[in-house]
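Shared chain: chain A. Partners: chain B in the first complex, chain C in the second.
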Partner chain A sequence: MGYDEKNCLRKGDILLRTRANTRSRWWGSGGLDLWISVKRMAILVLLGGFVGCTPPPQFRENALEWHKQARTAGLKPGESLPDHHRHDVNDVVSDWFGTPDQPSVPLVEGTEDPLMQLFSPEGLIRAAGPVVSRDEKSSSGLYRRHCSHCHGVTGDGRGPTATFLSPYPRDFRLGKFKFKSSPTGTPPTKADLKLLLQNGVPGTSMPSFRLLKDEELDALVDYVIYLSVRGMLERFLIAATRDLDEDERLVNLPKEMRYRDLPAKARMEIGVPVRSIVEPSRSVESDQSVTRSEAAESPDSKIESDEAGAESTEPLEQTTSTYDPETVEEDVTFMAEEYLLPISEKWLGILEFEAKEVDVPAWVTDRTHVERASQLEIGHQLYFGTANCVQCHGETGVGDGQTNNFDDWTNDWLKVEGINPADPEAWAEYVNAGAHPPKPILPRNLRLGVYRGGDRPIDLFRRIQYGIEGTPMPASLTLTDEQVWALVVYVQEMPFEPISRPATAKKSENQRPVR
Partner chain B sequence: MMHRFWAILFSLVPILGIGLYVLAAVGKGSFGGFSLSGLWLPENGNPYAVTIDHLFDLVHIICGVVLGITTSVLAYVVWRYADHPGRNNEAAQYVKHNTLLEWIWTAIPAAILIFLGFYQLQVWADNKMNRPTEMVDGHKQAIEPMALVVGKQFGWEVYYPGTDGRLGTSDDQRIENELTVPVGKPVVLRVEAQDVLHSFSIPGLRVKQDVVPGMTQLVWFQVDKPGTYEILCMELCGWGHYKMRARMKAVSTTSEATTGTEQVASPPSLSQEGGEN
Partner chain C sequence: MASPNLKSIQQSPKSGELTTSKSRTPLVHRLVWLTALTVFPLIWAGGLVTTTNAGMAVPDWPGTYGYNMFLYPWTTWFFGPWDLFIEHGHRLLGSLAGIWCLLLVAAACLWRSPFHVRMLACGALALVITQGVMGGVRVLNVDREIARLHGCLGPAFFAYLVAMGVITSPWWQRVATAAHWKGPDRAKDASATSLGEWVKASRLVEQRLQSQRYMTLVVLGLAYLQLVLGASMRHVPESADPSYFRVLVWFHIAGAVCTAISTAALCLTPRCLVPGVNAPRWLLAGLVGLQIGLGLGTWVLKYGFPDWFAEYGFAQSHRIVSNDFYQVQVVTAHVAIGSLILAVATFLLVRLWRAEFCLRAFVFGLRSEESNLPHGTIEGAASPNIMAGSENLIPC
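So, the complex of A and B:
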């Protein structure tokens, strides 16, 4: 130790040494730290590798519908409909509509490709698949980028964030949409869906996507329709299996055989031909959707059952000879005509739909119009009288009338067994099957001036005229157009009635006197 | 030798840092196809904020010079005393106090701070306190807000006063994520928050104002060039903060006589015919 004692430190002073031994010790420990961080980094890289290797996402089976139908069929808790029914539905739906990465569209014979008129292939390509945005022009995977974290990859309204939202995100599989210009019971027009994307749904977690390009919005609208058609078909097929006998099948194949095990060529010939939307070269060359579905077995896709892997490894040649192509063809065509065509017709019908021209009275848009006051009074009387808005929206209009209703997406399963929504144990099994815990649908608070379906006069008019699909808000069948407009005026003025704003508007706070 | 290596490595950090900074400011740098020009603030289009840019540049230059001096001294010391033969077994000199040094490094920053403090007074007043005025009937009058912008999770709602020219009445017009303002005249906006803290910011105009639920704030600016500007939320407000963006369109008004408010109060997409089907 050759350092100068006089220069060494007194008590309390800061230690500043440059001794070789302390330095090397520091270096030693530093090296250790470095080594640890290198190890951590390696682990992270490995983890990243695993994440990158997850199988492509798959559409999720509608477990809730299966559960519901099992209940409807009178099965006890724990029992479910036979597995071969599930296989048939899953095989047919995934054969026709493909996977999230490779959507396809069934082409029904003898018709003019009805589904391809519903959505453009370019739109589906942009909206489907994984998120890619190398530059401004080639961004794709729009749905997964903007929508899937709430609406789910399947469009079932069960994305990762869905549980935390109120109201819950829309489940497209019922084919019902709330805010549209078309009458009750019909799907929305493409323009309705696009407008909704542009404006968002005020008062909910649905934001505005106005900054997306026009063609991106069109693509998303197409994809939402695609998901909706797919989900509706799945639900119809599940419901159809309920009425089958024990040994009957949707597709007449030998017991051990699955529809997806048929070679793609055979399926094209005897079944419904399918048009692949994304990368046709790839999907044709891998001639079986067997490969497609095997990749499907990610933890969150429940489509495939446990024994699926074992089954599909059986040589195809042995089993293909044992089925009767004609009856299979009959079955598949029947499914297409009975279940698929009605859905596509419903949507196609709306493509040509043109909203009825409505004359907007001058007193609706012009606040200074002489008639406005009298119409306001008429609206007020209708609210409490003929139109009976007061029953749900309450006497003060804050939405405190009838508050124990549920929307159709909840009633769809809640009503099956007459479950008591207040009893969590009663609906626990449905929630396990994928339902959201039931939340009552609250009538809108009309004092806030926040209108989910848009606040233009025509929006309010449509809400009152056609009602809101899937909710207890009814269509106003008995009111004349003029009466509806009077209600619109009353609804417009409600947030500005004295009861809504007890305090007058205050001065802006960082206002300074003018010099 | 190892210590020399570390000395170089440590001094590379400030050197590269300052280098990147200068290249980004000049807007000409690019590394392997990655351009630096997009990293800097967009060009300023707001005459009220010219002095903000002056201040911004001034502060950066002062800090850059100080950073350059201190880091080069540091790098030199690390290099000089890193691995000097024969010194390894010596204790370091302990220097306890130096009055002159204390004076220097207290007085210079204090002078800079005082200077900046006075220099920014007028900038702050122009942008946050003295609302632009207009002549109404021969009287100077503060310009009323032409629109109300409400931040919410996750987006911006824009309310125009409608035909009566007043906000907060039943003919207000609402549109999501799109603000339209006239070019070439002062624009005053009222900004509010619906749910949590947000920050209303237009980087291209150097406008930034935190918005607090329950508080009403005014911001003002002037856009000299027609075009589209980006409105961003600059306060982490929740999981969707990143998507809280809106578009501001600056349009030239056809006639000078009409106030901008009337011109842009009813963007096409809001009118009765527009948007419906």
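So, the complex of A and C:
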């Protein structure tokens, strides 16, 4: 849908109308509309139209992934995959997931799709869209209020402030989250994400949102998962186009026709049902969501695509003459089952996950415990031996071991062609496509006693047991729980350990000053 | 032609008399400062609105949730959520500033202030209305771009009021009187008594006032540029590319350095004995220093320490808390002090301008009296010999 002045004023009108439903003591509902029109005219005249409307933000396509896939497919710099592939991916993703202002959820398994358990409509309504208040006590647009300036509207880690931050803000589209209680390779639980929001990450730009209400944190968690699922699907679809011939399409339509040009009704019948979370024709205070089938029946409804393309008004019969609905349906169903379902199953699986009950041994919390000294010694042996922590964290634990590693968000494109991170010319094209300049991920200086994923014993236990997703910190699959606890104790003790301990300070270059 | 004795000039009742004190209206002056004193907390409140992103806490305008703004239940406002409290409070404070401006126009007209004061009062009213409407459009359009313009116009309005405060002040009148320039305090250290020497020395004063004025103008321009850059950073579009924000930050840092250097240069110029133009320079320097500290604090409280501090325990254990008291107040103080710098620079600039103008007019009057030179010929009137040893005469 094109953006114009009329729409620009719409959001405020909706809110005014919302209030008018409950409090029309001054103007009444009809009078309020008249007042809005008069006010709109007066304002535009007063300002002489010198201030234009800022178009609402849109989801940004994953240009980095397109570039990476083009290079993987053997295309030369400057060449790209066919435009109709790009259009197909963008159209399908935006059809299923809506826009930042009007998110939607694809219901592959019908209206009772379990995907709705991942992100509740109430949560998405509160987190999505522009920052506005619906009444005196609650506001929506939480994501744009608190997160988008770093993580970006798309959740691609490319918000306006991103390049200044260290480490870079996370790109949710990889579906990887660092600090969690679930095993490596699985998504985090909602509780993990909420805990992270509450605590923040010390030593980084990720703030603690402990002043937000519980339901606001839940809404943000829901929206982050929504962005992650959306971004993962987009990446999978982009990767899928790489194997297509130039004339082939993800959605079997005539070359000049785009999926978004199909009328909403046609997409509803042959595509995947979509649950629109914020319906443009309804007040934000009315029931939160309707399925697209309901929406299609409503005469004033509209499903928007991600770009400012006009909705086709062609009758269904006319458009079906130019393509085969059955093959389109097959293609769309295939995409949903092949790419979307595995993602949603992965996330849904974690809803059932319950972190393993772990009893914290007494000698971990009690510094005077008789067993503590022996456990410390075990931890010390493990650090230099089986666990091989010394490789990255260094012999003195100041994090000066292997310091030339990169996280998965960088490795994702850095390793495609074996790019040398030290050569800016080699990675310039990827940075132009949306990557951040590569920055090595440094092992933690354990002597500072600051742990980004939390400083409770159980947090350290999980960091060692499951590793840190997306980073070189591996899961310790071979260690027993008791050994992990011994390492926890040793790590906790490191800030107090003399740096000149003979067994730990073999190399003089490792003896960096501890401040 | 022999130069007349300086004492005789001091006794002259009409030399350099530029204006009369009858043109001043104290009520207008007081109203101007009252408005300015209202606008500064208003700017602070506006800064709080942006810092806490509370601009859309009240979605309608000019009413508040369907109520007339002034009739909105005060208990709901006062004991409601912080967003609502600060946004509605900002509106009420803005309305108060508007009311003061209305009274200002009324007072200026009723008390027959000079034409330029009346025009300035009307300008203040026009500015406050524009600012209010712009705030309303920002809310109705949910448009951050208008919020940025709103954020840029606010400090400009504050500086405008301060300039107006100087123009309507007693100082403005006093500096235009001959006594201000040739009073006993100025003359008692004079070793030379000829008018020629005095005129030449005054010429040096004038040059110094002029150079200070240029430097203040640079500081003022930089201060406003910084405000615009700051507003652009605070209202950066959500979908803006990181490179846009990066450019803004680097320019903001470069602007801060330039402002600091130019302010230091302004302070290092010789002290002026012209009353009312020295203290503001040091106030300006203090504020710029404070502002740089607040800027660094803002960055640390919002984004943490830079990578250079990676080895320091305090930097690694620093945990940012979104919208906590310190973050909100420091960030907002950075905004408000920026406006204050702009206002003080404006104050100083207007005073310097006035002092320079009056001194020039006074000297021009003396020269005309002395030699009946045609208008505009004071340059080159004194010989180099007269200049020698005339520093003591310089009231600056």
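Brief remarks follow.
Quick note on the criterion: the second predicted complex is superposed on the first by the 396 of 515 C-alpha atoms of A that agree within 3 Å, B and C clash if a C-alpha of one lies under 4 Å from a C-alpha of the other, contacts with A are read in each partner's own complex, and residues count from 1 in each chain.
The rule we apply is simple: a contact is a pair of C-beta atoms (placed from the backbone, for glycine too) under 8 Å apart; a residue touches a chain by one contact, two chains touch by 3 or more.
What you see is a predicted model, and the numbers here were worked out from it, not measured in a lab.
After overlaying the two complexes on the shared chain, residue contacts for A:Pro457 are found with chain B alone; chain C is out of touch. Looking at the shared chain after the overlay, A:Val360 reaches chain B, while chain C stays out of its contact range.
Looking at the superposition, the partner that touches the larger set of chain A residues, chain B or chain C, turns out to be C.
By the touch criterion stated above, A:Pro202 is placed in contact with chain B and with chain C alike. Of the two partner chains, neither chain B nor chain C is touched by A:Phe384. By the touch criterion stated above, A:Leu211 is placed in contact with chain B and with chain C alike. Once the two complexes are laid over each other on the shared chain, residue contacts for A:Arg145 go to chain C alone; chain B is not touched. Look at A:Phe334: by the touch rule set out above, it reaches neither chain B nor chain C. Within the superposed three-chain model, A:Thr161 lies in touch with chain B and with chain C [touch as defined at top].
Residues 8-9, 16, 19-20, 23, 161, 199-200, 202, 205, 207-208, 210-211, 512, 515 of chain A contact both chain B in one complex and chain C in the other. Touching chain C in their complex are the following residues of chain A: 8-9, 11-12, 15-16, 19-20, 23-26, 39-40, 43, 46-47, 51-54, 57-58, 60, 130-137, 139, 141, 144-146, 148-149, 152-153, 158-166, 199-212, 442, 445, 448-450, 512-513, 515. Per the touch definition, chain A reaches chain B in the complex via residues 2-4, 7-9, 13, 16-20, 23, 27, 161, 181, 189, 191-192, 195, 198-200, 202, 205, 207-208, 210-211, 354-355, 360, 365-367, 455-458, 492-493, 495-496, 505-506, 508-512, 514-515. Residues 53, 55-61, 63, 65-68, 76, 80-81, 83-84, 133-134, 136-137, 139-146, 149, 236-246, 249, 302-304, 306-307, 310-313, 315-324 of chain C touch chain A in their complex. Looking at the complex, you find that chain B touches chain A at residues 2, 81, 87-94, 128-131, 133, 140-142, 145, 153-155, 157, 162-164, 168-171, 174-178, 190, 215-218, 239-240, 243, 245-247, 269-270, 272, 275-277.
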